[in-house]
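Both complexes shown next keep subunit A, but they swap its partner, so subunit B is in the first and subunit C is in the second.
Moving on to the complex of A and B:
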């Protein structure tokens, strides 16, 4: 494993940490058969994502490479790998766990923080536009009411979502 | 009953115990116990002069109960008990205690406390021995005849061994011909020799040499005089007990007279019915009248009654030159009497049809290992050519897929253990014959653990067979060019591959033979979680089942290669021989006894008994009572612990016999520490206490040890009784729950301890005063540790406040 620190190779704490999260319990069942990789539609088009590799690095304890790399954000969540895994490793769910851990530490691709910012601002991930309003009226739907941003912000604050975003912003400004 | 005269013999173990224990005080103490007539001391009592003293005293009629204090009781017990039996006293009337490993050594730093404990131990032994009753030996008749179920190599090998040893052997095979799965494999790894080659029986005078090895059909196997072979037959009913089983065999008609058929093959030429050939894994079709291969036993055709039109056609009857076809044959019920049974039902290929992404059954060019084996066999449907079933053209690019349904939690989680070698064998055979054929094996791990197996793997690589570490996700088919594509990741390179193939060979997992579950019910034996027949103990009792008299051979317990199957079969045959060779089964009658007047209609003990020894029988019009089979009962007492009305007792482990021991052990205190009663099972629990002393480990002398057959015998009120007679804490010491010598006893005891803790709380007693620990022999340190912890805990809790309600 080129580029890996010696102590990282023996860091079993990371897989333990993953197992403590809901959805991450099955990670140690993996025996690296590669069924997930050959099932993966993303891996077919880019070498930047290989689910088997993500699990392997996580099991070896390369926390940095897993959480700071872009691989975990490339999963399309089709669940094909999880369906076919002979060891019933919940691969897609583990990738969600990895995303959550990464996000709590302030790492997320810009596209996600933009979605999140939109949610806090307008109460929607996809902002309303003239085009969408016209589409709705064309098929006879009433115009959308503005979202209850006040309540939403309260909820997001209660779950700590806003803090996660803050952390991301702090990282960017550094 | 005669007057009780107890002799107490105290060994100083070569004077080493006298340094710790005051033997004069012990002897004075023993002399004062009622019924004790002789108290003696010697340097050893388990052999030589000391042992002679005991036997002479018995012979002189001076004593009729014996208490011996000797070290290593489990070793010395055999000698002492045997000598006492020879001297004319029933061996059950002896109580052996260990003053060394259970008292002097572990308490060497507190000699006065050790003496008090030794007194208590002697008192307990004397009081116990006075209540013991003689146990007679029972002899059961054993039929020197054996039933072997399954006519593959596992069954044939065991049958041959037993027939050679002189037993009458009945071999039952459900198929129409002998040979089983192995015969269909064509060739065996790693020797590449014929699958049908077996060792000749020694009764075959012409081949009685050390090197004799022959094909099944010319081996003389089928001509062994004391062997009877039933093909086309199934075992449908088994009654009776070990040593004497009544077996019902149902034999389907063959419709061809074995004695008349000359294998001229005229019948198959006229038979108009064609059905898929099961023997060749449905690669081809066969007629309704058929023979698998020419070299099988019995050498006679058979009619498939599901396919044959019988009298609507009868062309075979007309053409048969010897009049061998007999359409009026009827099924037969055959009843035989055997002493032992060997289950050799083997394993079979899993149907990979359920694994949809591999499209077995959809794409004709996706086949299994067994189908490929039939193709490679020159007796097979393609006469040895490896072809694509879709076009019948030779296959030029072959991909083999390992672990199909194996090591897969969705289907079969186990590793089938021989598929790697099977696929390597096929690849080597094909590549050696036709080097231009391209072969790729997709694997998760290549497992070649047997003798010479790794060299086989090496050979495969040398021949140019390609290996890809990766389990394919899917097999695709391009209909335009009729080509298969295997979608796999090379997990070493992290590269996705699409391997083109003419033929894809799956290595399906190997699963228990069809009908294994049904047979296990007929025989009353267990299957493991994976559905294979369960061996009693993989290390100590392989090829045995929990039922005396029923044994296992070969792949019925797990997939095995031919060499291992042979070994397993020899082992099973040896076990049967040991069991039946004397024509009788001798067993002591230390069994559970039902008190019919209290027993009534519940089913607790029959359900609980790990050996199926208890059944309910009708007592009168309304009531049923439990009945214990004296040959099946192993004397564990788990039934006693289960009975809600104390209607069942174990001989020499009756409640009153246990109570006197408890009382005695608690009666001599001699220590300021709170008394603890450790109730140990006679197996690992007691042995762990032994090992504690043997390893010179110390624990406080307030811990007193009482032995019971199995902790499963304990009832809640007995544990409470211990507190009542003076114990301030109780430790129940049993085997590990998954290693209980009586299967379920430890588990039952654990639950009972939990239940008792609830009761203790109700009575206002701290539940921490009761504890169960599960140990094996080598865990003496854990016993010492637990004893110390318990003592400290009790000291902190203070004296036991016993409420009157208890």
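Moving on to the complex of A and C:
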């Protein structure tokens, strides 16, 4: 019995952690009806993702499976599930929270490191093509105003964004 | 004349000059002045939200402060930029504590979010500032006979509580704008479903399978083209059809046009001025149907 209580406490800890993040507050309202899964464009295509199951695993406290698994990266962020949830669970926002926690622990899929590096380097997640920049005037477009990367980097340092990328690099080099 | 600070974002200048030129030309023609502000960066969209929400809010807020300083409302051409900027703007205006927190971060760059401008998608500018009635009056080359499958992209509509652009389940504004040009907006299966674009780079096969459904469904509905409002949806559906050749051994040739391109054509602009050769899928079928004799686009 004591073991079970301990297990329950550990389980609750993960939903408590999620609820402390902005966007994660509604997770415990989920009653597992599955409206989200039936509204999900990704779940229709692949068994790798099912929003109801992600929420279920998170509520059961399976922190490792949720944060190190493949599923949380397969949400297409369409918000269909969140619009339709009868319990007003902010499912898409919760998946963002789970991604944020996982990335802080160094789990960053490569595509995100590319985006992050672009943001830090050029202030753009899609790098500007030199070819198109030159071609702009031929097409009749005005010159592109430069991004203020200097100010942006100060903001990225203040939020700790630069450190998140570093953590991934450290983890890869281990 | 109504003036807006134009928020271009990353994908449009990097990949889609045809979107930018048609949007600039058509909006100018309709009396909307677009002002390019210096210093604007990435908007902090879904991929940045995925890494760190606080960073996304701060980066979006930073860009909004540039428009605040210029005393201008913002207009976006990209649905992703719209979502991220409009969501941040609404959240910070509503939540004083969050605003203070973000302002502490912005102070490192000498900026402060005040909350005195609006963020609009150009679809809203067309419907509210120009108006359907005036738009119809400006059409000099009607798109009559053209069957258009509208696809606004997810982040124009959802999360609806923060974006408040249209009904998320029964939207009509985009269809009204298409029909104002004389074209017919046709119904197709799963019209409101995502294009899968944000999964590109992590699960390309899944993203392509979702995009394929949209191409198949619009083809079945006999649409002449799909109209988009988002550079990311455009890329996913246009380039996607090239990828479908090798992935599924299927030949698709559904032209994808940005709404601004259809708008420019309906305002009587010459297709040659619209850099249509940047489309991967030829748009000749659409031009033929509209009565342009010569082929002006080439496939790459």
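Note that in this section the second predicted complex is superposed on the first by the 153 of 174 C-alpha atoms of A that agree within 3 Å, B and C clash if a C-alpha of one lies under 4 Å from a C-alpha of the other, contacts with A are read in each partner's own complex, and residues count from 1 in each chain.
Keep this in mind: a residue touches a chain if its C-beta (ideal position, glycine included) is under 8 Å from a C-beta of that chain, and two chains touch if they have at least 3 such contacts.
Note that the structure is a prediction, hence the values are computed from the model and not measured.
Undergrad: Considering only touches as defined above, state whether A:31 meets subunit B (first), subunit C (second), both or neither.
TA: Touch partner of A:31: subunit B, not subunit C.
Undergrad: Contacts for A:149 in the overlay, against subunit B (first) and subunit C (second): which applies, first, second, both or neither?
TA: So A:149 only meets subunit C here.
Undergrad: With both structures placed on chain A, which of the two partners, subunit B or subunit C, ends up touching more residues of subunit A?
TA: More residues of subunit A are touched by C.
Undergrad: Identify the partner contact of A:68: answer first if only subunit B is touched, second if only subunit C is, both if each is, neither if none is.
TA: Touch partners of A:68: none, neither subunit B nor subunit C.
Undergrad: Touch test for A:79: subunit B only (first), subunit C only (second), both, or neither?
TA: Only subunit C; A:79 stays clear of subunit B.
Undergrad: For A:129, select first, second, both or neither according to whether it touches subunit B, subunit C, the two together, or no partner.
TA: It touches subunit C, and subunit B stays clear.
Undergrad: Following superposition on chain A, which residues of subunit A contact subunit B and also contact subunit C?
TA: 80
Undergrad: Applying the document's contact rule, which stretches of subunit A touch subunit C when the two form their complex?
TA: 21-23, 41-42, 45-46, 48, 73-74, 76-80, 82-83, 92, 96-97, 99-100, 103-104, 108-109, 111-112, 114-116, 118-119, 123-129, 132-133, 135-136, 139-142, 144-149, 151-152, 154-161, 164
Undergrad: In the complex, go through subunit A and note every residue touching subunit B.
TA: Against subunit B, the touching part of subunit A is residues 29, 31-39, 43-44, 47, 50, 52-53, 80, 84, 86-88.
Undergrad: Which part of subunit C faces subunit A closely enough to touch in the complex?
TA: The contact residues of subunit C facing subunit A are 8, 10-11, 13-15, 17, 20-21, 24-25, 36-42, 45-55, 58-59, 62, 98, 104-106, 108-111, 154-155, 158-160, 168-169, 192-194, 196-199, 201-203, 206-207, 209-210, 273, 275.
Undergrad: Subunit A touches which residues of subunit B in the complex?
TA: 357, 403, 407-410, 444-445, 469-474, 487-491, 494, 496
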